[in-house]
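The first chain written gets the first letter, and so on, giving A, B, C, D and E; residue counts start at 1 in each chain.
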Amino acid sequence: GGASDTPEGVLNVGQISDSVAFFPLYVAEERGYFEDEGVELGERPRLGTGAKLAAALQSGSIDLGAGVLTDALNLYGRDDSTELTASLVDKYYVDIIVGEDFEGPGQDAPLEERIDALKGKNIGITGPGSGTEALVAYLFQKNGMEAATDAKLVNLGADPPAALGALESGQVDALSFFQPVAQQADATGVGSAYISPSRGDIPGFEHTAHGVVFTTADVREQKSEEVAGFQRAIERANKDIREDPEVEKLLAEYMEGIDADARAELLPIMQEEVPDGIGFPKESVEAALEFHESTGLVEDPPGYTDIVPKDLRTE
Amino acid sequence: MSTMTESTQSPKTGAESRADVVALQRTWWERNGRTTSIWAARIALIVALVAVWQLAAGRLFDASFTSRPTDIWARLVDWNADGTLWMHSWITLQEVVYGYALGSAGGALLGFVLASVPTFYKVLDPFIMALYAIPKVALAPLFIVWFGIEMDMKILLAAVTVFFLVFLNTAAGVREVDRGLIDAVRLMGGGRRDIALKVVLPASMTGMLTGLKVAIPYALIGAVIGELVASNRGLGYLISNSAATFDTAGVFATLVVLSVIAAILNFLVGLLDHRVSRWKPAEART
Amino acid sequence: MSTLLEVRGLTKQFVKDDTGIVALRDFDLQVEQGSFVTILGRSGCGKSTALNLLSGLLQPTSGTVTYKGGAVDGPRTEISYLTQSDTLMPWRDVRRNVEMPMEISGVGARERRDRAMELVERVGLSGFEHHYPRELSGGMRRRVSLARMLVGNPETLLMDEPFGALDAQLRLELQTELLRLWQDSGQTVVFVTHDIEEALLLGDRVVVLGLRGRRVLDRGIDLPRPRDPDELRVEPAFVALHRQMTEALREGAR
Amino acid sequence: MSTMTESTQSPKTGAESRADVVALQRTWWERNGRTTSIWAARIALIVALVAVWQLAAGRLFDASFTSRPTDIWARLVDWNADGTLWMHSWITLQEVVYGYALGSAGGALLGFVLASVPTFYKVLDPFIMALYAIPKVALAPLFIVWFGIEMDMKILLAAVTVFFLVFLNTAAGVREVDRGLIDAVRLMGGGRRDIALKVVLPASMTGMLTGLKVAIPYALIGAVIGELVASNRGLGYLISNSAATFDTAGVFATLVVLSVIAAILNFLVGLLDHRVSRWKPAEART
Amino acid sequence: MSTLLEVRGLTKQFVKDDTGIVALRDFDLQVEQGSFVTILGRSGCGKSTALNLLSGLLQPTSGTVTYKGGAVDGPRTEISYLTQSDTLMPWRDVRRNVEMPMEISGVGARERRDRAMELVERVGLSGFEHHYPRELSGGMRRRVSLARMLVGNPETLLMDEPFGALDAQLRLELQTELLRLWQDSGQTVVFVTHDIEEALLLGDRVVVLGLRGRRVLDRGIDLPRPRDPDELRVEPAFVALHRQMTEALREGAR
């Protein structure tokens, strides 16, 4: 890992995008928790992909990366001093979304049937090697199919409007996309969530570490105080999201263009997704690791203790 | 010939062939009519386009992907009020201007130099082309590692794109220069520098200006792509942020701002073109 | 007088596809310092090619050009060359075109301007200082080129049909001017023309070229100066020379 | 003049001025020396670059972002063996070729037409520029909704980028054409078509060819960007796939393939240039 | 003979910045069908401008040009115009340049080729068919232009100093050729020159222009044809005419 370029008291935090997973960062920032805890946020670039997050960490442009667990694991493969510093979302916030006129068993049909209904369909994902592709692969595996051969996966980029456009115009039959695409699709009548891990549709996959903040050991050493302050601020933000209904206003600002109905639908989901605290329960991390390994997202992932530092391990 | 200035006996050819110069009494319209009609046509066109868009949106095509002029306008008014617009535009504008200046200066210079050493140019040509065919987004991680995520990186990305276009156009312009004119300067005892400045530069101006012109959009695109790669400011960020939050009006509002910046830069290059093309017959001017 | 410009066995072969086109073969010439040599020849016989080689613009296929004992392998400031085709800069107006040689040799702006204006007047173009070349008539462009050449105050002048596009009156005036300047200054002139009368009127010596620069005739002209064309035309010596030249040209074409 | 063909009494000027034409006995080296040295220089350069890269990677810079020539080669060999390489390259190549053909035909045609109607061109100019300054990625949703996610969309994206560059360069070339030559054709009774085909086309060839040349990289970039947006095949997909799995060697292997395609297209345009520039003096040829 | 080409009150004013430059003022001319009119004038007096207007290339500021009773407001195929400056297509070789007018009027490839070759020979350029213009000498380029003009077989020929760049011998041959063609075919020729002798040698009628196209002299030339320059030069009628022209030119410059 590269050494930090930032002055004392300042942390640069790079994040993938402005999706639901990074709402805690926004809450903490808007409510001044970072300042309260003695951390100043410097640059906050949106980097789009895990590879760029890794590059920015490596080059010292940022101190912390906010992304999905996959990004942290990929970085670990390159630099084994990588470790997690906060949990932002503890559920798999990707849904399978189908169009209004999707032919197949209804949403209440057994999971197996719903998975079977996806066979041979065009399914839009954000990109190869992403968590959205992995979900499809995981589901197909469950039914003994191969995502690569039994469906056509279409790489749509991490652009929600493009995804909805593709679904609405019938370019794809289904989407595997992160929240709040499902809620927006529902609210605008384009489609609805068909299989949703965060809703508890997949047994044994209710809790998985997903939205995370990570960094390298160098930064953790060099900026231990700032990182600790950052962790305290996130902890407070996570608590607010779970308990304080007032955050709805913040969500409205955060997701400016989203449909009001979709937002109303989203809030309770987020209240459940955001963990209590910032720690990583063993079973949710292990579920995630197993998921990564079985879907081939990450070859040879590290163990729970390799990646979760002592103070964040919760049993 | 040293006695020339002393001589008083000069041939009487002077006054005879002087042409008749009369002051022109042109009306305002004769003077500015063409410019005025062109601007009128442009405005008419823009009004027509906006009207069609407004009417067709939601009817002929889904407004959730194309937005509506009124919505876009409302968004621009909001952003103007809260300062969002100016803050982000200013960032992007800086990147564009620096990138454009850097890239075109470099491109013009290297275009000059390499085109004067044709063998060298020929050797490098396929490499330059191959390099340019690489989509910069694919190298985003490298750019980040090498140049960070600050403004530098975006300026560089814009400059690199501009460079290529200006370079190739300048080089093409330089190779087209009339040998006779170059020889004339050599005969006057002019060296490489004189040839470059007094013949090649003015003669290849058109090529260079075409390069400058085609490079404008790419300076903007380069900067915006840089902001999409890594940013929390600038119009590129505004686009991706608006897209991520399903704010189509926001996306289009940003695109409108980008278009306006491009049109202004184009206008400036047009002025330059007008200045250096004064000697051309009216039909050959832009 | 000493030999200023010496040409030995000059051959120029242009390459076109896989053939060579010989424009000039084994051309020899010696030009004395301060002399006025006219080269006479029919269209396509290699006059311009010869001047291009003399000026150093072209490199010969074989043979040498020596100027003051040194080999000419590129243009030299002492030699000024008025080419057959216009090479005025289209983006400069008359005055700035004429100023150009002085710009290059680093003459100050004021002086440059004054001298340019003077020469523009001398070639009869006052009032056209601010015209661009395309706004001039063919003859006027030629005169601007002439002014540009003279302003550099060169030691040696190579001129390729400089007065071809001018009417008799103007041509006479400029010929007179050229002779006057030449006599005053001790410059050396190599003057290409296809007009026998012009050759005889101007030259100390006339060289008649045949095909591919074969020297058909090379003789001194001892007509007394100043030479007035109207008087000359009836003079027996002139008529004899004229006839000899005509004969030489005809013979050269064979 | 109708009697001309019957006439037998023609002036004797013919044979006299015929220049001396001799066959040249040039050695192989005289004939091909230049080309050979240029290729030798290119190969030397490529070898040097690869060597430096190989040696510096991991020492001077982090190989995890730049990969190594040997790794890239190994990846290419693998991909060649399992057919991945050819499958994806073939897709992209098709998109590039169709897009390039479409875009350049359209651009050249419109460049011609608009430059012949200068007022119209002047009116449209700022719009065209503004349109081009819009980063196409920002319009991805629209592209998908309107043109789908199949090959068409990518061809269109490539064509649109190419169009602009060829268009502007052609238009600039057309405006530079010598009025005298156009007048000559008008005097021969030539109409618009004759002027276009017999004067403007050959005279503006350089401008058009420059446009064709600068457009090559953008045809590739356009197609690849299209594949990044919506695809599951093609080199763009291969890049994003490799990037997502942190497979830098894969990314670079794909870029190498892209560069090779660009170099080949460039070579073809170079051949065209060579053909149409035969009349130019050697120095002015590419 | 009927009036073929009629010019009335022709004025051409060029616009430069905010001034107008009058190149031609109130120019009147009538050209009879089948006649050979030479226009004589000094450099810059407006000869080329007048031909540009006659040919329809330029639009007059005021005044009219009528050809066979119809207004000329653009180039017409019946009128062929050899301009003062070269307009050969640099990317076509000699043969294809000469073929060009036939290409445009749709003559078949075989015939085109034959006629082009014939004309190329006629102007003395056989052997140069495959040369590009830049590979020719100045005089040779001029001859190609001439061939290109003649190949179109036009009704009316406008020629702007066509033989200025040629040597006396070649010029005479081409003049003779031109006269022969003209006499056979009933074509009409308007021929611009600055050479008095040439004007007298060729024209049925000579028009002498002064500044800005003022008609100083306009008279018929009744010298018997064929006119041989060598004989003519000593003929009293010719000498008188020559003197008159010289006088007119001098007067026109005032």
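The criterion applied here is as follows: a contact is a pair of C-beta atoms (placed from the backbone, for glycine too) under 8 Å apart; a residue touches a chain by one contact, two chains touch by 3 or more.
Bear in mind the structure is a predicted one, so any value in this text is a computation, not a measurement.
K.L.:
If you walk touching chains, what's the least steps from chain A to chain E?
P.N.:
The fewest steps needed to get from chain A to chain E is 2.
K.L.:
Where are there more C-beta contacts: B-E or A-B?
P.N.:
A-B
K.L.:
Distance-wise, how many Å sit between the C-alpha centres of chain C and chain E, to the nearest whole number?
P.N.:
27
K.L.:
Could you give the separation in Å between the centres of chain A and chain C, each centre being the mean of its C-alpha atoms?
P.N.:
84
K.L.:
What is the distance, in whole Å, between the centres of chain B and chain C, each centre taken as the mean of its C-alpha atoms?
P.N.:
Centre separation, chain B to chain C: 45 Å.
K.L.:
So which stretches of chain D touch two or more other chains?
P.N.:
Touching at least two other chains: 16-17, 19, 21, 62, 65, 141-142, 145, 228, 243, 281.
K.L.:
If I count partner chains per residue in chain C, which residues reach a count of at least 2?
P.N.:
21, 42-44, 85, 140, 170, 253
K.L.:
Of all residues in chain A, which are in touch with two or more distinct other chains?
P.N.:
49, 51, 54-55, 58, 159, 161, 164-165, 168
K.L.:
If we use the touch criterion from the header, which chain pairs count as touching?
P.N.:
By the stated definition, chains touch in these pairs: A-B, A-D, B-C, B-D, B-E, C-D, C-E, D-E.
K.L.:
Across the complex, what residues on chain E touch chain D?
P.N.:
55, 57, 74-77, 79-81, 83, 85, 87, 89-93, 100-101, 103-105, 115, 118-119, 121-128, 132, 134, 140, 150, 152-154, 170, 173-174, 176-177, 180-181, 184-185, 187
K.L.:
Under the definition above, what is the set of chain D residues touching chain C in their complex?
P.N.:
Per the touch definition, chain D meets chain C at residues 16-17, 19-24, 26.
K.L.:
Quick one: which bits of chain B touch chain D in the complex? Just the residue numbers, please.
P.N.:
34, 37-38, 41-42, 45-46, 62, 65-66, 118-119, 122-123, 125-127, 129-135, 137-139, 141-142, 145, 164-165, 168-169, 172, 175-176, 179, 206-207, 209-210, 213-214, 216-217, 220-221, 224-225, 228, 236, 239, 243, 251, 254-255, 258-263, 266-267, 270, 281, 283-286
K.L.:
If you look only at chain A, which of its residues touch chain B in the complex?
P.N.:
14, 17-19, 43-49, 51-52, 54-56, 58-59, 61-62, 159-161, 164-165, 168, 184, 188, 254-259
K.L.:
For the complex, which residues does chain D have touching chain A?
P.N.:
Against chain A, the touching part of chain D is residues 62, 64-65, 140-142, 144-145, 148-149, 227-232, 237, 240-241, 243-246.
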